[in-house]
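Both of the next two complexes hold chain A, though its partner changes from chain B to chain C.
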Partner chain A sequence: MKVITLTLHLHQRFFPKVLTVTGFILLLFLVPLLAIQSSFLLQVLSTSFLYAALSLSWNLLAYSGHISLGHAAFFGLGAYGSALFALNFDTDPFTSIWAGGLAGALLAAFSGILFARLRGAYFALATLALVEIPKMIADNWVSLTRGSLGLLNIPPFKLPLINANSNLTIYLVNLSSLTILLLVVALILNSRWGWALRALRQDEKVSMTIGINSNFYTLITISVSGFGAGICGAIFAHSIGIIEPGMVFSLHYSALPMVMALFGGRFSVIGPVVGSLVLTLLDQFVFQPIFPAGHQILYGLAIMITILFMPGGLMGLLGARKHGITGS
Partner chain B sequence: MALLEVDKITTYRGSQKVLDSVSFSVEEKKIVGIIGPNGAGKTTIFDAISGFFKPGKGRISFERIEITHFPPHRIAKMGLGRTFQIPRPFKEQTVFENVLLGHLMSRPRLMDPDDVITETNIILEKLELSSKKETLAGELTLSEQRRLEIARALATNPKLLLLDEVAAGLSPAAIDRLVNLLKQLNSQGMTIVIIDHFLNLTIQLASNVIVLDNGRKIAEGRPDEVLNMRIVRDAYLG
Partner chain C sequence: MYLKLLISGLALGSFYAIIALGFSMIFGVTRVFNLAHGELLLAGGYVAYVACERFGLGFWPSVPISVLALTLLGVILYRVFRVIKEPLELNTIVFTFGLVIALQNLFLIFFSADYRILTTPEWSTTIEIFNVSFTRGQLTMFLTAFISVSALYFLLRHTFWGKALRATIQDREAAGLLGIDVEKNSILAFLGGIALVGLAGPFFASFHYIHPTGGIEATLIAIIVTIVAGVGHVRAIIWAGWGMGLLENLVTTMLGAAFREGVTSLVLIAILLYKPCGLADNQ
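Up next is the complex of A and B:
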């Protein structure tokens, strides 16, 4: 409560922003009612929600100044963790995704401790290499993971009154998890924790002289970030039903959240979500029909445009202050 | 009672000694100056006290608790504030947010927001930064940035303030205002250690001066005495 009061003092446009975002999310929950026939739209939006959640997780860590090139490690471990938990203990996906999140968080915490002294490009390269460890294990521990054959028959999400694993179920699961994660990240970034991250990103040494425990904040931040990415991987596994190592421990899931968060605006809470929605929709509805073979060029273009012309991303263009408590 | 005690600290950078068995103590409510030519080891002493540079030998105590191997954030929370030689504001935050950060991060728990904001405003007022409250810290002049450094350190509610060359590059008028401010803080009970290569503040403020040269303490005493010592003049004139 104190945190919210402080935010309101510092951020006069806080309520309008929260209202806008809440309204938009409610609108998204209503989309299936209007467009239930267009399963393609639902599929594309579901994918964009999953990417948005993954980008939010990535961006939480980036907020502290640590750029990760290895979120596929947490994503993939979340996918495997949840799938194996559900298959071996015969549980519901809504239970097993927590195991996936926990697996992602544990690996993230481990890498946080291991890479505690690395900064900047060194940290980024270490995380890039990190992905290979769980991938190798998943590839070679055949008795548990079936190696490169992958896991099959991963149980799908079931919601009451809706057909199992229909597009609508996945849509609602992805949108709900995105909403919850957005709420969690917004609370973190508006709390003392968020202020500590802002300070650490700008000057770690000075941050320590005003009492910020750099190691502690970096560790809890990377853990929560890994948890989020793990949950995303878990949801992915249960939506697709089949996973194999090369598919989930893929550079795709390391690069994508970075591109989307940078494009949307990494200094804003809502930026990664905006970036993910815009890029996924552009990709599927504009680039895919025009260049079926090379549609992924969009992501390369997006990152070039961002770096050259809008360092604050889309939200930066909308007037969000670069390092301020922007977004809601 | 000595608030800060530095006991025979020796630090190395590679195989080179940066500080060689330096000892001194700072009594409560006093202002102490540390002077000496470039490269004498003045800033290294601050880095050692505030926990960034662990001495190879010797011990440092603050309020009779040994802090030699404490991490910087813990030392800061015990009530030791410092500023940097080249101002290092959080450039993308406003002046107000910079000071607020000092307040938010040094307290064990979040205080009542109204109190936090009131106290932040009082500190800004004291440092004559109220009119710049909403300015981004990166856009301030040097003089303002130096005052912001002090404001942010004050916001952590320190018992001891380490000021590294706060007067360097300031106009005479700005230095006068700074001297008055430090006198006022001191009269309210603040203990202050100043690094002051150009002797702008020491003569007017310090009750005790420590002279460093080449990592060794070569003299200590009242400012007027110390500055007349031959060994000190030689060190400065080289």
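Up next is the complex of A and C:
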């Protein structure tokens, strides 16, 4: 009985939300037609889509209760994997980004196995330290990665009818990948898999006694999360055209997805996307003009305010917490 | 050659012992997992830098200024940390990660990304003891660490207040039941920990070039030393600090400075795999 009411409750809430989100995404696909002149707006929006996709990947793992401070490791390896694949095998970026995603997923699966016994703050700490290892390799394996000189001439995305590497191409690529990732994450979180993750987050021991395989779910979740982050890194590499170890394996790309997911609301599927849009726009249009040097202070303040005053993030303020199964 | 490595490693290790003691005292009484420890150290360094370079004070006058500034900051931080809810370790690690980003950007706004150093020319003169040459800076570092660590050891082991503080670290509730003023002890120990960071800050700025993103490695080292030694175990912290100092020196000489951060991270991961409960499991 309880299950049925829960399901009904879920569907009542779920379908209107799906319609709103679908409408909003379609609207975003139309933005270039209206704002094609303002290429700065297009750039800012594309960046926020990339961050949103990265935050969604991060939040998938956070749904299981594992807070990662090291998604830059997967992001950076995705960037290097895809760029090296495209440069060495002379392939199209749309092919090589899968290699990047796979590289991110492999590292994530490896760390999932290695850190299987770590929980909470210690898992976070281990992932923070993890970033330095691929960075050290990328910095010192000079014959493959050219070390700190970085990789140059990474081939850009090409879409039919649009100039190569224009802002519009990047906008469409980023928005499409965000849409696909959002769909995947929404499907996962509304399946048994997603409910297993929520249960694990709330009480791992109790979940295991009712038959949820903690190690299995954590491993596949961190792998998918790493895959998403790897794809984001790959897209970043092909949009920028040049990467170096300090740039992609930086604290920046570990911090951003966490800030945006927490600020937007980590207990809701759409929260990370909302957080990324709000924070990126705020950063680029308000903080950047005021503090050109230290504008990223915004992200630090956003984390602190979220932890102190709104544990459910923006979506929590909007009432997503009333949904019930929210947890710690 | 090896003797020289040993000496400079011990000097560096003594410095690590001071910052790890600070971390350990803060964590011990408040359960705050302070990821911004290295940034607080940098803040102390920058305060001393301003005192020296802008106001023309010498190195020694800048030390109490740095300690005072950080203690004041500590009063604010203590109030804020009290508001953070359970699960405390995870929430504080995320919160202080935000503090890391905020502080790094504040440094960027006020000091730009330039590498800065406190110039103390008299410290590079060498002194020969038993045919081994020290720089005066290494000797000062070593002595300062030795004095502050022994003072702390005496305080914690041989005074009533120290006993009360160790009781507070071991079990807050039981300590409270025995009539110990847990709240007062916590504030004092927290401020003491922060003051230690303030003491180390000017030294950090006179040995290393400081720049806005240069704090994270110090944090990782403080965490490694604290996990290896256990919270509040002063003697063990000194040994572990020296161990890390020697290891770092060895890595820098054998492999080159490019591998230092990577090796520090590997050490941290190895220790976490060996001790998955980290700081919780040390009694």
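Keep this in mind: the second predicted complex is superposed on the first by the 310 of 328 C-alpha atoms of A that agree within 3 Å, B and C clash if a C-alpha of one lies under 4 Å from a C-alpha of the other, contacts with A are read in each partner's own complex, and residues count from 1 in each chain.
Following the convention adopted for this analysis, a residue touches a chain if its C-beta (ideal position, glycine included) is under 8 Å from a C-beta of that chain, and two chains touch if they have at least 3 such contacts.
These figures come from a predicted structure and were not determined experimentally.
Participant: So in the superposed three-chain picture, is A:W195 touching just chain B, just chain C, both, or none of them (first/second/both/neither)?
Facilitator: Only chain B; A:W195 stays clear of chain C.
Participant: Output check: A:Y122 vs chain B and chain C. Expected answer is one of first, second, both, neither. What do you get?
Facilitator: Only chain C is touched by A:Y122; chain B is not.
Participant: Who does A:L114 touch here: chain B (first), chain C (second), both, or neither?
Facilitator: A:L114 sits against chain C, while chain B stays out of touch.
Participant: Applying the document's definition of touch, where does A:S55 land relative to chain B and chain C: first, second, both, or neither?
Facilitator: neither
Participant: Contacts for A:G294 in the overlay, against chain B (first) and chain C (second): which applies, first, second, both or neither?
Facilitator: A:G294 contacts chain C only, not chain B.
Participant: As a test of reading the superposition: which chain, chain B or chain C, is in touch with more residues of chain A?
Facilitator: Counting contacted residues of chain A, the larger count belongs to C.
Participant: After superposition on the shared chain, which partner residues are touched by A:D203: those of chain B (first), chain C (second), both, or neither?
Facilitator: first
Participant: Provide the residue numbers of chain C that touch chain A in the complex, in ascending order.
Facilitator: Residues of chain C touching chain A: 33, 35, 80, 83-87, 89-95, 97-109, 112-113, 213, 216, 220, 223, 258-259, 261-262, 264-266, 268-269, 272-273, 276-278.
Participant: Which part of chain B faces chain A closely enough to touch in the complex?
Facilitator: Per the touch definition, chain B meets chain A at residues 50-52, 71-74, 76-77, 81-82, 84, 88, 90-94, 97, 100-102, 104-107, 110-114, 116-117, 152-153, 155-156.
Participant: Flag every residue of chain A that touches chain C in the complex, lowest number first.
Facilitator: By the definition above, chain A touches chain C via 67, 69, 114-115, 117-122, 124-126, 128-133, 135-136, 139-140, 251, 255, 258-259, 262, 291, 293-297, 299-304, 307-308, 311, 328.
Participant: Using the touch definition up top, name the residues of chain A that touch chain B in the complex.
Facilitator: Per the touch definition, chain A meets chain B at residues 2-3, 5-6, 9-10, 192, 195-196, 198-199, 202-203, 205-215, 321-324.
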